[in-house]
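Each of the two complexes below includes chain A, the first together with chain B, the second together with chain C.
Up next is the complex of A and B:
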């Protein structure tokens, strides 16, 4: 997938590039210069001292992909990576199976690229997620069932119609886009890794790819720190990866989702086993939190940092508070 | 480090029930003064 003779850029070369996820293009599955979605990435890293107090740590940073471009979630990163691959591979139609945010991102980026899109979502998503997809004019289909039913359908559709379904037959390209969040964190900290990172999990890809990104930066000699402890967060109503971490097993036990955190409601997560390994391997852990605590955390984040997040972000902060209550963070963590 | 991965405007339905209605007043200082007093500010 990657050219064998890749030369990685230095810190100074990266710093001289445009502020987008493409400043790390040598670590992405793409040769040459990407033509689409060039403004995605390089979201703010925000210091959150009032929230640090609540968590009992000296320093707390927030990587704020709530202001990602163009569709206000980190899924812009994975779609930017996959849509450039789709065009390079000569595919003329893109699509996705989505819990909502991916639908927004595919619809927006396909519209901009002038590509037809077929987008499949569960029929119970929030109004803003549905409208925030439909407005871009894709073929949007609501499927009776949960995400896992939608995903199964899309596997069949990718074969049948030869579409580039970003998280099915383009999944290898899609997943790598998530690494750019990790690269940005390191660069924005002054080429240093944090000690502990809390990540919301649905399919488990983002957490797995952050782990990979931190490793790749060490391999390239751009940072020298230990891998951060990785912590996952899920809603109790859909927490198959957290259950796997707690049980110490190696196989996901699928769950039927029942939570307000619809964006992370995946009952049979494709990368769940890898995410669990990354958490255990780095000395991290995983939390499952109630819907009430997710709502309370959305409000706490807004009231202490001025950042308004959706339910996945509520799960992240609620998870961090639960993990802090279990004594999993030290005073010097950041 | 917390990874906040999506915007709150996307899931207004999730929190709308938990946020109290804001007061509505006439454009009169005394009505706002009553609110300020009630807020204990």
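Up next is the complex of A and C:
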């Protein structure tokens, strides 16, 4: 997807650009400058000393994509990437299969672009999330079943109607958008890489793309640190990737989700095998946490850092606490 | 509050700073660099061509403080300003009287700073907003009555306990934080001022501080445009400032609020007289809009720009539509 002989920008060139995910556009699959959703990304990286104490690590930061523009989750990044690809490819309708957050991001960005959107969601989603999609006026279809059923339906629809389903036939473009979170973390740390990153996992794509982003920054000479150890977090009620890491196997065993963390409840994760490999390959590990510990972690994050996260964020912090309790971070980490 | 002979930064100096409200710190009432909430501000300014068409103006932008860090409203700015002042003044407890959004911002930023917080709210607030405060673990007190009753109580408490109530005894610092929205608008327009700005009004402070900010940028030689005409928007169920503008009087007639736009429902606005003067003085005007038109505007904003606003944002767009319908923006405006 890259043009040949792409020149990557220097730290100073990047610093002079507007604070959005597009300041790293040379690493995204576009020629020239994207025309849509140009103000997405560059969310705060929040120093969290009291949480660091709780985890027994020297330093800890929270990447707060809950204040992402426009729809308050990291899915804004991947949709900004995919919707520009859709327009460049001449597609006139976009859509997605979603556990909630992606639905919000697609509906919001399609509305702004003036594109019709078809959004497919499981019928058990939280009402507040459904409202947060419906308000933008997309074609919204609730499918009886879990995310994996919704996703299968979208594969068939993308073929039949020639729609740009962002996480199906535009998945190559979509996934690359996730890398910008990694680029931002590095820049916000003063062009350093963290030694360990704990990542919420649904389909497993974000973790693999962070891994890729850190590698690309090293390849471009923008950072010189070792690749971070990558750790995953899932809810126990939907933890096929964690089970794969623990078992040491090479094949995902699908699971029927049963957790309050609906936005990460994907029972048959498309990138699960690759995420597990990235965790093992970097010396990381993966945790599965109870719904009770997710709720406790939401409260802990709010009380110690002033960030009110959704269940996926609660699972991430609960996972970090569980991994710390297992001694997985070692002694001198940050 | 300013030190003597303060030197203001150039456009280039500002551009080189981190994207937060503190890139304009020389215009805020602090010596040196604030230590708390350093990553608040610099929210997107969104070009909204389809809304511009609806209003019959050449250009229209939406300043989206609904993605403000950490608590999703512009109140993060004023609290970031006030909490740094509280610490500089040696106060060890912060608090506020709030219609909801300020409560969230104080609770979130106090939690992050490790300061105890006392938050006072009317007892009829939306449950979702109350949860969004309570999660941070403040001392949360629901007061039977409207905001104006809550505010009177806080004046007495600030005196008795020596607490830093951000919108009472820290109001001088608090209000200045609002100016950063004006600075951002100017910088994001390439150091131009808009010709007209429509502002939601509760206590009336934001409108007067935007006016001040635009004037300070002109004084500093950073912009050379005329002062923007300032327009206000309120819900009809709580519109004492609009009534003052319409009547041409000089005294607020308090009103008992009755509107779904609770976050701007202040019946006896502290800065109402000054806001009315700023609107009249710049050639602007003020609108009061029905709850029905607020709901319609929330939907219109979502469908045309991909931004899901709360009722206060709906009132702002509904007000802009009403003012456009009255021909208040003239012919050649943007």
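Please note the rule applied: the second predicted complex is superposed on the first by the 331 of 334 C-alpha atoms of A that agree within 3 Å, B and C clash if a C-alpha of one lies under 4 Å from a C-alpha of the other, contacts with A are read in each partner's own complex, and residues count from 1 in each chain.
By definition in this document, a residue touches a chain if its C-beta (ideal position, glycine included) is under 8 Å from a C-beta of that chain, and two chains touch if they have at least 3 such contacts.
All of these numbers come straight from a predicted model, not from anything done at the bench.
**Q** As a test of reading the superposition: which chain, chain B or chain C, is in touch with more residues of chain A?
**A** Touching more of chain A: B.
**Q** Could you look at A:78 and tell me whether it touches chain B, chain C, both or neither (first, second, both, neither)?
**A** neither
**Q** Counting only touches as set out at the top, which of chain B and chain C does A:65 meet: first, second, both, neither?
**A** Once the two structures are laid over each other on A, A:65 reaches chain B alone.
**Q** Thinking of the overlay built on chain A, is A:186 touched by chain B (first), by chain C (second), by both, or by neither?
**A** After superposing on A, A:186 lies clear of both chain B and chain C.
**Q** Kindly classify A:200 by the partners it touches after superposition: chain B alone (first), chain C alone (second), both, or neither?
**A** First partner only, chain B.
**Q** For A:302, is the partner it touches chain B (first), chain C (second), both, or none of the two (neither)?
**A** Both partners.
**Q** In the overlay, answer first, second, both or neither for which of chain B and chain C A:310 touches.
**A** In the superposed model, A:310 contacts chain B only, not chain C.
**Q** Which partner does A:19 reach: the first (chain B), the second (chain C), both, or neither?
**A** Touch status of A:19: second partner only.
**Q** A:132 in the overlay: touching chain B, chain C, both, or neither? Say first, second, both or neither.
**A** Touch status of A:132: both partners.
**Q** Would you tell me the residues on chain A in contact with chain B in one complex that are also in contact with chain C in the other?
**A** Residues common to the chain A contacts of chain C and of chain B are 64, 67, 72, 128, 132, 298-299, 302, 307-308, listed in rising order.
**Q** Where on chain B is chain A touching in the complex?
**A** 1-15, 18-19
**Q** Quick one: in the complex, what on chain C touches chain A?
**A** Going through chain C, the ones touching chain A are 15-16, 19, 39, 42-46, 50, 64, 67-72, 107-114, 128, 132, 135-137, 298-299, 302-308.
**Q** Which residues of chain A touch chain B in their complex?
**A** 48, 51, 60-67, 72-75, 100-101, 104, 126-129, 132, 181, 185, 194, 196-200, 206, 210, 228, 260-263, 294-295, 298-299, 301-302, 307-314, 316-317, 320, 334
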